[in-house]
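Presented below are the structures under discussion, each in the form of structure tokens.
You will see two complexes here that share subunit A, one where it goes with subunit B and one where it goes with subunit C.
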Partner chain A sequence: MTRRQLLTGLASLAVATVVFILPFLFVLINAAKTPAEASQPSFAWPSEWHLWSNLVEVVQVRDYALLLAYFNSIVITVGAMTLLVIFAAMVGYVLQRRPTRFSKFVEFTALAGLMIPPAVVPTIWVLQQVNLFKTIHGMILIQVAYGLSFCILLFRAFISSIPRDLDEAAIVDGATPLQVFFRVILPLLKPVTLTVIVVQSITIFNDFTHPLYYLPGAENITVQLTLYNFQSQFTSQLNLLFMNILLITIPPLLVFVFFNRQIVAGMTSGAVKG
Partner chain B sequence: MARVALNALRKSFGAVEVIKGVDLDVEDGEFCVFVGPSGCGKSTLLRMISGLEEVTSGTIEIGGADVTRAEPSKRGIAMVFQSYALYPHLTVRENMGFGLSLARMPKDQIAAEVDKVAAILQLEPLLDRKPKALSGGQRQRVAIGRAIVRDPGVFLFDEPLSNLDAALRSQMRLELTDLHARLGATMIYVTHDQVEAMTMADKIVVLNAGRIEQVGTPMDLYERPATPFVAGFIGSPKMNLFEGEVARRMGASVYGIRPEHLKVSDDDGTWQGTVRHVERLGADTILHVEVPDLGPVLARIEGHRTYAHGARVYLTPDPEREFRYQDGAAAS
Partner chain C sequence: MRAKSPYPYWFFLPAAVIFVGLFLVPTVASFYFSLTYWDPFEARFAGWDNYVQFFSEPFLVRGTLNTLMFAFVTSLLKTVLGLLLAVLLTSGMFAQGFLRSVVFFPVLVSTIGVGILFQELMHPTQGAINVGLEAIGIDGPGWLTNPSLALFSVALVDVWRGVGLATLIYIAGLSTIAPDYYEAARIDGATRWQLFWRVTVPLVRPATTTVVILSLIGGLRLFDLVWAMTRGGPGFSSDVLASVIYKQYQAGFWGLSTAGNVILFLLIALIVAPLAWWLNRKELDA
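What follows is the complex of A and B.
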């Protein structure tokens, strides 16, 4: 390693520490304080460590709302991911393999989904008409709709790297179109599927605004909305708020730690032929 | 076992016609090779027989039944692809049994069929490996095995040896010929390599620009090429073909003589020329000779002889082996 490489390496580590580690430490330190100390959040060391008692209090508040929120968020994330992966892979497959005028239109619609900002009020109106407003499955469909475009593009790019000969070999072997997809293509999509799962599940799990609009009601609370438990117009319990942030940051963090290699692999696959 | 008959087969992609009316009979148990330059439509023709490419007009019969619009799996064919097209996520055993499992054959029966074919191709030690752990030749064998397991009436090969190195290719040529003798099935084989065509085929179909130029046994095509194209395509090194004034003097619009049918002499002959290049292959020597009026001429001599660059030689065509063509057809 040259001196120059060493210096730039150290500099980027320092920047990364400031950007990524310091906020996390700030949250951790303030989550351990008493309400009085935390009312003026700072990097000052807590006089007494209240990590465990704060944690218990956060979990118990509002009749274990946090646990219900975890349950709701997990149901939404898992449900939306299942639909997203299957639909996006299927659409991506058809778009890549059968370039017709209709598929061009579908492709344009998918791109439009990325470019045109969603309109909240009309969406709520539609949801009310089909009786899906304030329901978990309505929320799942919303998340699928928001994520589909991006996932289709990822899957389509990946599928273009799978030789068409494989489809044809399967057809000669007697596979129906559905069998070609489920028995030959889908198993080969594992790398990009992992990427899609990691990226989208974190997005959905961390989503704050959409559940806020489309999923009102105490029994429908999701993890990000639990933050409102501790901050309102008249009271704030910043120590518990920080503890809450800490708790809901952990699951996505774990996903990243375990899957970060696959994310990069899936994102770049199909970029270069190899 | 099946006879294949193509009747007035045509294929267009948009406004471009790539197969321009092909009539062909491949007899039961025959090894038929489609050969031609790239872009001549030979692969398209094979894919039409397999059902992967739709037919624009004309009919295809396999084993007496009209299969022009039938699904590939209902035609009694199996195909070996140039890229082998092995399913990367399945083991060799699963690859070979895939077609049978789609047909909902019981598992033990599939295993028995796969084992039987693996024994023929000596694939037993590889059965539990994934394709990525196999060499090119082994993959090729698995692809052939997958075709045999389906017990088809007709085998279709789409340039199956073109990804192998030269030594392996000549070995696989022998194995495929043996396999054909052993299975007795009809095989249709596409290649651009005329050596593969000459060594393996019972019947060669020479295609050019979407049309059949000539059909015949390898020696038929070598001895009696019907058109200048076939004359130039079959045989290695290529036949010397002359047009224009030279050919007119010989009484034809195209005149051809094979390099091996030119007598080379140091002091006397019909044409005099100078040696531009010498290729010594050991068993024979190929001379590139520049003859005034004719241009470059290839001549083949048995054994190895040394000629200096620029040496003067005389060439004499064997009058029994000259080819004359008038208006694209053999002149009597």
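What follows is the complex of A and C.
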């Protein structure tokens, strides 16, 4: 490493600390304060650390709403991811293996799904017609509908690297299309499936807008909405507000630490295509 | 009848039912409902009234213009800063890997959390940003309370949150440029400046296309950050189409809200689709 590289590194480190790290440190410091000390949030070190008692207090707010919210968010994320992986892989598989005009049309529709903003009020109207408005399973299906495009394109790209000989051998042996897909193809999709799961579950877990529209009601609260709903209640207890921010920042941080490589793969797909 | 393909189309079916039912049907229906007076009880045909209202009421016009401004400013900043950061973070400098993670992490954090955090940091008198500026003798502005500044402040936070994704995409793009190009240019006596403009910028174009398109779509559709930070205020000064759509929905003006949705859809289609086509075409020419 040259002297120049060391110096730019140190300078960048200083700038990045102020711009990117201090805001998160601010959350941590103020999440540990007493309500009085946090009433004017600052970088002043807390006189005593109240992390644990603040955590207990924020969890108890509104009859343990935060725990319910974690439960709901996890149910929605896991449910939607299960359907997304299977359905999107099925579509990506046939799209890649059978490049007909009809497949082109389907692919174009999927691409349009990445661009078109959901028409929210008409979606509520549709959900009401089929009794899915304000229900967790309705929310799961919405997340599937909105996530399909991205997942299909990732699966399609990956399947093009799986040799056709594999499915043909199974077909010759008399396997049905479903058997070929579930026994031969799906097990080979593990790397891209992991990428899809990591990237898409962060998106669903962090989603605020769609639960706000389609999943109103105290019993349906999700993690992102806790923060929004508690905001007015916490104006005199900013320590709890910051603790809440801290609690919803931790899951993505853990995912980031363990699945950095998958996140990079998923987020840069399409960046380097010719 | 032809022999059955081993790759049957009915594999599309489960996905298609959900996608068509919950995404395409509402999208098509939105064109009809945008032409009605629609509230929780009934929908009456209204002709173009909602659209006329959208382009005559000053606060609705403001929302549309703000959306364009916001998308333009954030996309420009994300593209420029993303490329510069990517060049810096591939230069082999000290702590490079750690810095990449630091720049990228905000992308994964809850937008609503980021919004509320910066609402506190940008408080005009006690916020940490203005307290810090005061310490070095600068009188900080009312970031979110000054009507002519609020939208710009939200845009800055959006760039703070999203530049990591642009950087990541550019880093991936830079890694595909063969070192030979730089080698050859250096032998020809190119300066650093020339290397950047004549080699890096043209060859990283696929990444630029992705960054520009993603940021524009994201910027035009943005709702959560604006809602967390300003609720469109003060007044209507930082309203964007997505927040107008939510407000009109809340107020029971479903037809007007849906007209906003259709306008947003048309804006995205009219801006992004030709741009994507143009950027991709230029790639082929190069």
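By definition in this document, the second predicted complex is superposed on the first by the 240 of 274 C-alpha atoms of A that agree within 3 Å, B and C clash if a C-alpha of one lies under 4 Å from a C-alpha of the other, contacts with A are read in each partner's own complex, and residues count from 1 in each chain.
Basically, a contact is a pair of C-beta atoms (placed from the backbone, for glycine too) under 8 Å apart; a residue touches a chain by one contact, two chains touch by 3 or more.
This one's a predicted model, so the numbers in the text were calculated from it and none came from an experiment.
Visitor: Classify the contacts of A:Leu194 with the two partner chains as first (subunit B alone), second (subunit C alone), both, or neither.
Guide: Touch partners of A:Leu194: none, neither subunit B nor subunit C.
Visitor: For A:Val184, using the defined touch cut-off, is the partner it touches subunit B, subunit C, both, or neither? Pick first, second, both or neither.
Guide: first
Visitor: For A:Leu28 in the superposed arrangement: first (subunit B), second (subunit C), both or neither?
Guide: neither
Visitor: Tell me the contact category for A:Ile136 with respect to subunit B and subunit C: first, second, both or neither.
Guide: neither
Visitor: Applying the touch criterion given at the start, work out whether A:Ile152 contacts subunit B, subunit C, both or neither, answering first, second, both or neither.
Guide: A:Ile152 contacts subunit C only, not subunit B.
Visitor: For A:Leu166, decide between first (touching subunit B), second (touching subunit C), both and neither.
Guide: A:Leu166: touches subunit B, not subunit C.
Visitor: Kindly classify A:Ser42 by the partners it touches after superposition: subunit B alone (first), subunit C alone (second), both, or neither?
Guide: Touch partner of A:Ser42: subunit C, not subunit B.
Visitor: Which partner, once the models are overlaid, touches more of subunit A's residues, subunit C or subunit B?
Guide: Tallying touched residues of subunit A, the top partner is C.
Visitor: I'd like to know which partner A:Ile74 touches here: subunit B for first, subunit C for second, both or neither.
Guide: Neither partner.
Visitor: Pick one for A:Leu55: touches subunit B only (first), subunit C only (second), both, or neither.
Guide: After superposition on chain A, A:Leu55 lies in contact with neither partner.
Visitor: Do any residues of subunit A touch both subunit B and subunit C, and if so, which are they?
Guide: 171
Visitor: Quick one: in the complex, what on subunit A touches subunit B?
Guide: Within the complex, subunit A contacts subunit B at residues 163, 165-166, 168-175, 179, 183-184, 187-188.
Visitor: So in the complex, which bits of subunit A are touching subunit C?
Guide: 1, 5-6, 8-10, 12-13, 16, 19-21, 23, 26-27, 40-43, 83, 86-88, 90-91, 93-94, 97-98, 102, 106, 109-110, 113-123, 125-127, 130, 141-142, 144-146, 148, 152, 167, 171, 177, 180-181, 202, 206, 208-209, 212-213, 223-224, 227-228, 231, 238, 241-242, 245, 248-249, 252-253, 255-256, 260, 263-264, 267-268, 270-274
Visitor: Per the contact definition, I'd like the list of subunit C residues that touch subunit A in the complex.
Guide: Subunit C residues touching subunit A: 5-9, 11-12, 14-15, 18-19, 21-27, 29-30, 33, 38, 88, 91-96, 98-99, 101-103, 105-113, 116-118, 120-121, 126, 128, 131, 160, 165, 168-173, 175-176, 206-207, 210-211, 217, 220-221, 223-224, 228, 242, 245-246, 249, 254, 257-258, 261-262, 264-265, 268-269, 272-273, 283.
Visitor: State the interface residues of subunit B toward subunit A in the complex, per the touch definition above.
Guide: It is residues 50-52, 72-73, 77-79, 81-83, 85-89, 98-99, 102-103, 146, 150 of subunit B that touch subunit A.
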